[in-house]
Amino acid sequence: MHGRSPFADQFGPALQGGWRARWFHIIFGHDDAAGRRFDVLLIIAILGSIAVAIFDTVAQAHVRYGTIFYALEWAFTLLFTLEYAMRIMVVARPWRYMRSFFGMVDLLAVLPTWISLIAAGSQYLLVVRALRILRIFRILKLTRYVGEADMLWYTLLRARRKVLVFFSAILTLVLIFGALMYLIEGPEDGFTSIPTSMYWAIVTMTTVGFGDITPKTALGKLLTSLIILIGYSIIAVPTGIFTAELAASMRARRKHVPCPHCGQIDHEGDASYCRLCGTPLVENED
Amino acid sequence: MHGRSPFADQFGPALQGGWRARWFHIIFGHDDAAGRRFDVLLIIAILGSIAVAIFDTVAQAHVRYGTIFYALEWAFTLLFTLEYAMRIMVVARPWRYMRSFFGMVDLLAVLPTWISLIAAGSQYLLVVRALRILRIFRILKLTRYVGEADMLWYTLLRARRKVLVFFSAILTLVLIFGALMYLIEGPEDGFTSIPTSMYWAIVTMTTVGFGDITPKTALGKLLTSLIILIGYSIIAVPTGIFTAELAASMRARRKHVPCPHCGQIDHEGDASYCRLCGTPLVENED
Amino acid sequence: MHGRSPFADQFGPALQGGWRARWFHIIFGHDDAAGRRFDVLLIIAILGSIAVAIFDTVAQAHVRYGTIFYALEWAFTLLFTLEYAMRIMVVARPWRYMRSFFGMVDLLAVLPTWISLIAAGSQYLLVVRALRILRIFRILKLTRYVGEADMLWYTLLRARRKVLVFFSAILTLVLIFGALMYLIEGPEDGFTSIPTSMYWAIVTMTTVGFGDITPKTALGKLLTSLIILIGYSIIAVPTGIFTAELAASMRARRKHVPCPHCGQIDHEGDASYCRLCGTPLVENED
Amino acid sequence: MHGRSPFADQFGPALQGGWRARWFHIIFGHDDAAGRRFDVLLIIAILGSIAVAIFDTVAQAHVRYGTIFYALEWAFTLLFTLEYAMRIMVVARPWRYMRSFFGMVDLLAVLPTWISLIAAGSQYLLVVRALRILRIFRILKLTRYVGEADMLWYTLLRARRKVLVFFSAILTLVLIFGALMYLIEGPEDGFTSIPTSMYWAIVTMTTVGFGDITPKTALGKLLTSLIILIGYSIIAVPTGIFTAELAASMRARRKHVPCPHCGQIDHEGDASYCRLCGTPLVENED
């Protein structure tokens, strides 16, 4: 393992100029002391900027520490702008980086504060900064948690068709029950429209049960009991799907190597040949 | 696979007349470009008509776009009436189609609008149109999701006796706890009758917890805590039943054919080659 | 299988007098047409009497059909009294029957109405009649559901120690979190006492969430979020316990035969010898 | 097994003086009649003192039985102080005991009442006494439940990394959805700040659903439905993780020793004889 995010390779280190290559390794690399120190500082800055944006929305805190928050917000914005400029300068293909997902997130995290200088209301865009928390996951991706996260992720991927079938069934039930409850209870009991009734049906079938809308008539309560019991039964379905897939994953850790002949990517852990076309699998040694 | 719904075969294509046989394949078939184009148009029309029926119940939307919705509703009704007439004309046994489940649904989807010309209040029947969404499932049945849906369905079928035993136990507990809470709390705290108490017991044991009715007395709160903990324990039962059955289903999908070369006997369900030595697997034909 | 409840054998048929032996088979037996007809009538009568008791508590129904309900209640009471008298007369050991669980339930189901003649308030005892629904389970016990119910029951039995450990942990958390929330929120926000706080903690940790008591302070909301996330994690525990036990049950249907030497009663389905002492197991042939 | 808590060994029995060694065995030991009697008395005293502290917070009970509660509290405090003094006296290394976890808990359980003599408000510390309930677990640890509790505990430990990955994902979703709902609904509908919105997102995604804050706008209800369905899907994840780990634990408890007579290799964990042929199993000593 190179200790460098595989995503970084697509931008490539800047070749000309020693300082740019060195900073590329500090910013995009994770394998030496300087790279790890940069990662830790970046995580702290991201969490700090998110914390400032969050607590600035609390009325009492805004009144009391508003100016400090304002100063901190500009400090983080300047820091992230500097970081963004550095990232552009040290990569070999700046455009490719700028159009990548994380390149967009990095830009969107600093834009709102700059826009607020010329236009009001842009502070709402600060929420975009929350997406920068995903960069933390990227950094952590290279740690020992990657195996666990990968297993959970591939389990979800393998279960995705079952989950889609399941959600189609849920939404059909929500449509039918929502329409029925709208007819039975009507607007005077809070079921003001079929979309509202469907919102209520989702809240009820998933056992959330806010209680902002509740049935008042006897027939409505009877139907609600039925809807709840059906929802209660099918709560078992996604759990069952995921558990069964995860148990299968754990029994035989899967191998995710594309078959050189047919491209099939999902193999059992001890496979040496593709089970679909019989081609020997080449493991990537890193 | 014929690419044609097996249900369609029972009505049979009309034999006399070239245009009827061709339209039978367009309407009931799914295997050529024309059939698939008809399917896509039908899905769009069904979703569109349901969307119109849903949003027409929103008060603001009704005031603003009421006339457009009215026009659209008649457009969809005429379209579906035409489709219904076509279906009757192109099948060899029209009566059998008309009495089939989907024949009834197709008719019920157009009736309410026509009835509204001569009788008020029939717009409530529009909800029946929601059932037409099931036709979408019928069309999608022929795609690659059929295997996943079938596995979920047969798992539910195999678990049905366990689920019935479980629901009998739940309803007995609901009856006993509902009656007890009615005695302890009484009408002044919202437990106005035993049926209402049973509705509350279902809402509580399934962890929905609307909060429209809540215990006020100390004894009532104690009993509620007990009921909740019991409900919390038995929430495990349907999940456990479904998961165990699904895991058994997934295990059963594995292929148990000895590899002719290395003797490995445990393969994935879609394997054609042994994953350990790449030898083609010979399936036992039965 | 004799088609007769094994519980009935302990009372024994009355030997002297032909009509008593015949009625014993009708009342306690389930294997001939007369016995099955009696069972069906009894189930109908029990469900009917419970329905009357339930709907009599609905205010509107009581006003309208109060006298009919009153008449029906007396009819069912006379019927069940007659049944109780018959049961005593036809068994060989009446005292043993009267002190058995179902003997008590049969008596308690008729007592309240009789007591209401001499004392007010006894109608509350009518709830006891709900316990008679258990007799329905007894009758159904002899059907094909017995295997499924047994499997669920023995799975719960085998999991009971794990469930006890789990509930002790839950109650400790409820105590600690309840006390903390009482300190943080205090009586003005609805957390009037530690028992009330513990009731709230149970309602919250089990994801019921009535909303009758909710945190108002920032610290209270933070602690609540923590409590919920902990509750959300441990919801997995009972489900996991039950599923794992059920999956084990399904893999190898257990054999419940006491070992003649050491008394161990829980064996694997294909066991011929006790795994603890090596004694051959004698299967009961019935 | 010595029948003595392994933790006790680190303090060691006092060697000089017969009565101290005897009392050490009574207080820290669990294997003879005197030790077990002390354990039972201690459990009763702990539960009693917790019950008094709990019910003293109920306003009516405080008014009525306040003086009795006050007397009982001092009685328990004196008792626990005596017990604490005894524990210090009979162990060979008092300092090591006093700095151990249970030594701290034992001290903190008596301090609040003593402090209340010189300073007000210390009654809040009584909550610490709830921690003494953990001593009950310590005593029960030596019973037959230890195996079950250990299995649950190690299963949780083995699943901890997966659970951490899962909680990071949850908190990221909570942050993003909380910020979005704050923008969409705003302070007038109860979403007064992003922290409050995040509290609401946790309450909603975990299906608790208090209903103290609910979306009022159409867009808010749509996003809420989405949040709920996502929360509903991922409720499967911790359950799946725990179940799969527990099933693996239970499988691992099986004994895989070939039977010397019939070769059967798969036995239950506590088997001493082959269940198929009754031959004693020879365990491999390692």
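We just call them A, B, C and D in the order they show up, numbering each chain from 1.
FYI, a contact is a pair of C-beta atoms (placed from the backbone, for glycine too) under 8 Å apart; a residue touches a chain by one contact, two chains touch by 3 or more.
As the structure is a prediction and not an experimental result, all values here were calculated from the model.
Under half of the residue numbers at the chain B-chain C interface are used by both copies of the sequence. With centres defined by CA atoms alone, the chain at the far end from chain A is C. Interface repeat of A-B: among A-C, A-D or B-D, over half of the contact pairs recur, by residue number, only in A-D.
For the pair chain C and chain D, the distance between mean C-alpha positions equals 30 Å. Our note on geometry: chain B versus chain C, Cα centroid distance of 32 Å, whole angstroms.
The centroid of the Cα atoms in chain A and the matching centroid in chain C are 45 Å apart.
Chain D has residues 58, 195, 198, 207-211, 218, 235, 239, 241, 243, 245, 247 in contact with two or more other chains.
Remark: chain C residues 207-211, 218, 239, 243 touch chain A in the complex. Touching chain B in their complex are the following residues of chain C: 50, 53-55, 57-59, 124, 127, 130-131, 133-134, 137, 144-145, 148-149, 151-152, 155, 163, 167, 170, 195-196, 198-199, 202-203, 206-212, 235, 238-239, 241-243, 245-247, 249-250. Of all residues in chain D, those touching chain A in their complex are 161-162, 164-166, 168, 172, 175-176, 179-180, 182-183, 187, 192-195, 198, 204, 207-211, 214, 218, 221-222, 224-225, 228-229, 231-233, 235-237, 239-241, 243-245, 247-248.
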